[in-house]
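Comments concern the structure below.
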Amino acid sequence: MADLRITVWNEGRHEQKDERVRRVYPDGIGGALAAALREVPAAVLRAARLDDPEQGLSEAALAETDVLVWWSHVAHAEVSDESARRVQNRVLDGMGLIVLHSACESKPFRFLMGTTGRLKWRDAGEREILWIVKPKHPIVQGLDGHFVIEREEMYGEYWDVPEPDELIFISSFAGGEVFRSGCCWTRGAGKIFYFRPGHESYPTYFHPQVRRVLCNAARWAAPVPGAPPAFGNRKTGWL
Amino acid sequence: MADLRITVWNEGRHEQKDERVRRVYPDGIGGALAAALREVPAAVLRAARLDDPEQGLSEAALAETDVLVWWSHVAHAEVSDESARRVQNRVLDGMGLIVLHSACESKPFRFLMGTTGRLKWRDAGEREILWIVKPKHPIVQGLDGHFVIEREEMYGEYWDVPEPDELIFISSFAGGEVFRSGCCWTRGAGKIFYFRPGHESYPTYFHPQVRRVLCNAARWAAPVPGAPPAFGNRKTGWL
Amino acid sequence: MADLRITVWNEGRHEQKDERVRRVYPDGIGGALAAALREVPAAVLRAARLDDPEQGLSEAALAETDVLVWWSHVAHAEVSDESARRVQNRVLDGMGLIVLHSACESKPFRFLMGTTGRLKWRDAGEREILWIVKPKHPIVQGLDGHFVIEREEMYGEYWDVPEPDELIFISSFAGGEVFRSGCCWTRGAGKIFYFRPGHESYPTYFHPQVRRVLCNAARWAAPVPGAPPAFGNRKTGWL
Amino acid sequence: MADLRITVWNEGRHEQKDERVRRVYPDGIGGALAAALREVPAAVLRAARLDDPEQGLSEAALAETDVLVWWSHVAHAEVSDESARRVQNRVLDGMGLIVLHSACESKPFRFLMGTTGRLKWRDAGEREILWIVKPKHPIVQGLDGHFVIEREEMYGEYWDVPEPDELIFISSFAGGEVFRSGCCWTRGAGKIFYFRPGHESYPTYFHPQVRRVLCNAARWAAPVPGAPPAFGNRKTGWL
């Protein structure tokens, strides 16, 4: 089995400023994601952060990434248009992208979707249930119908994204709202999966089924071998 | 504005046997649906029931129907294959079809979808909230984000239907389940809308927003004028 | 790698009656399909025909089939409703189905789609070009942009099927028509692929890229392991 | 019937530099488009060009536009990111957008789609046939199955766009290529229609069926009345 080179990109700001987040994620959110993704067969993991050179998103780093896992929240605006454009282009070129939680309003995701990614939200530590609406999809392998996260931030519809190519999960929250919590899109040669759970103040990324989804999604998003599509001038036809 | 000929087909069995249903729906479920649909501009309403001649689904009756509204539950098996096939063929020919609540397991809907329509359920009179996930769609005109039904039967995912062409509503229930409560499909020249609410023991079809959806959906499902597509042997091409 | 049990079901009538078809397909259309599918890794092949006991479609035979490949044309009407219903139910249960050429009007496909499958056609032995519109899809692995079949029957739009979940190929014909020649649907737990080429009077199933598509599609349509979705009464919720 | 304010935005460069284009379009491409769109009931037309102040795309001009029709080709790069972003935001806010021919590589369309819009092409004045694959859709009202343009530029698949929400037309070209020539997307509250024909050196925008499609599409893309979706913090839920 060929290596799957996964880069976990984490904004990394809550962990610096907020003692409570450090208590939940002693190795940072990125550390918890990397620990989860180590279960992916043949995974080769690399960490990247906003404060790295070139925001951790140099051409070279992206060229060596098969699947990029992205968590961001308070620093969306600090990601430069150039960085976001490089991520976008690399996805169109075939890199997989796993977009987590509040990163639905991040620049790379907005550039790829064309929409705002806005939604309703409430941070009250309430129960979330994720229901599978696409059984047999590779991303839900090993899961059984639904799973429960005891305390999470609520995200509610309407969520401003393009109609997903495949809708995998719908969440309900104790407060009554619903959300399309797992969605797949293809853009160019790249596969994109958005997965809702993961507020910084809850231990969501230690949840066994959440981790299972992350691993399944990384495998699913792996680039497909083969030549890229051809474009441009065709001198002659078949007549 | 041309007439819109709406036939409300109601199985009509609960009303005969169950005093509680009669108390909720003194004019029957079909009567409440017809009262709601009278608000559709230019609507011409007709009632039909399982116990009518030819099960209320003769070729002639269907030929004079632009939109068929269908409620059924305990008597799915009594609807003959021939009746269901006539409904299916008339939909393929352009008739709109509004499928309500437990009719997701009725024969006409199963024949059109190709799937079983099975789901999870619980009759505990619990709160349902319907969230709009396709704002600006004709079926949600005049509604605002979501609406609440205080007491309803629960339907839960996974629901065995083809991926909808358009997903309009997602419901959450007090018990935590979710459901794709408003879904659109096109089959042949006909438009189909499934709308979840409407258990026989709750006064759901008197709910103002439910009635608004019914009226919007009937308008949306109206047959589109124009010649049917051509099929068959083409003797020559353009070469 | 687990065995993939592929049953090639061929109506088998042209080969009995028509000397020209026998010349093109000395081992029958089913024989050519089986020869192609022998290239699928871990494939275990079985042949079935309309004239076999229970039309080659007994419960037992279907239960032991992972992927059913179906070719039919002149004898659509002879396939009993019961046989077609068994195929439909087994697909909903997880069996893959590859539907070939004129089988778009066969009963199993019509029962699963809910539509007529009708189209335009012309048998003039004209050039077909199949263009890939979903690069990187598993069904087009190893293909490069498009391929040409020198002589085929023409099928033209409008084709009466539900919107495909994924559109893989679009054909153009020398006469100027187009067709959605490769389409994917999921119904229940089963995956369905329709592939257009394969008129009985042309050696299409010896074409290397056609054979590649057949093999890719059989792999793609393989049943996904895991428990089936749960349905029925839920006594309690999460409140 | 309320006014439908249509702005025809034409890059306007070929007409300045190329005598042949002036001969085909004496009033410019924008002039021909406006003449076609005058047939839309209640249309109020306005012209805009790249060389206008603020590139013809000021906040004020867009705010007064219900449907923007966009033709561009040689000057894609001159449209500023700011102008393109204003168009994108106004579409998300509800404005309809009709994207014509080579404008599939323009900035506003690329910003809304997230993809490159690249394709194959050949300018050989060859026959294009547009086949309807979504009969009964509002955009094909009054058309009958297909129509022919005698001389056009060829565009061929693969075309790098997101899966369309609705596929309306597929073209075949005399040279054998195919193209998804009419596609619908929704982004935010706005409807987008891409329509392929319209190379500057052919009189395509005088073709009666092309004009019919333009008029139908402008009506289809009209903003839907009603409040925009709500976003942001919800203090309480329903518990």
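We call the chains A, B, C and D, going by the order they appear; numbering starts again at 1 in every chain.
Criterion: a contact is a pair of C-beta atoms (placed from the backbone, for glycine too) under 8 Å apart; a residue touches a chain by one contact, two chains touch by 3 or more.
Please read these numbers as outputs of a predicted model, since none were measured by experiment.
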| item | value |
| --- | --- |
| Joint neighbours of subunit C and subunit B, given as chain labels | A, D |
| Pair sharing more residue contacts (C-beta pairs) when A-D is set against B-D | A-D |
| Between subunit D and subunit B, distance of the C-alpha-averaged centres to the nearest whole Å | 35 |
| Centroid spacing, where centroids are CA-atom means, of subunit A and subunit D in whole angstrom | 32 |
| Multi-chain contact residues (two or more partners), subunit C | 127, 129, 132, 135, 145, 156, 158, 163, 173-174, 176-177, 186, 229-230, 238 |
| Overall pattern in which the protein chains touch one another (line/ring/star/complete/other) | complete |
| Contacting residues of subunit B [partner subunit C, same complex] | 88, 92, 111-116, 118-122, 124, 126, 154, 156, 158, 160, 162-163, 165, 173-177, 185-188, 229-239 |
| Complex contacts: residues of subunit B adjacent to subunit D | 94, 127, 129, 132, 135-136, 138, 141-142, 144-145, 148, 174, 186, 189, 224-230, 238 |
| Complex contacts: residues of subunit D adjacent to subunit C | 127, 129, 131-133, 135, 145, 156-159, 167, 170-174, 176-178, 180 |
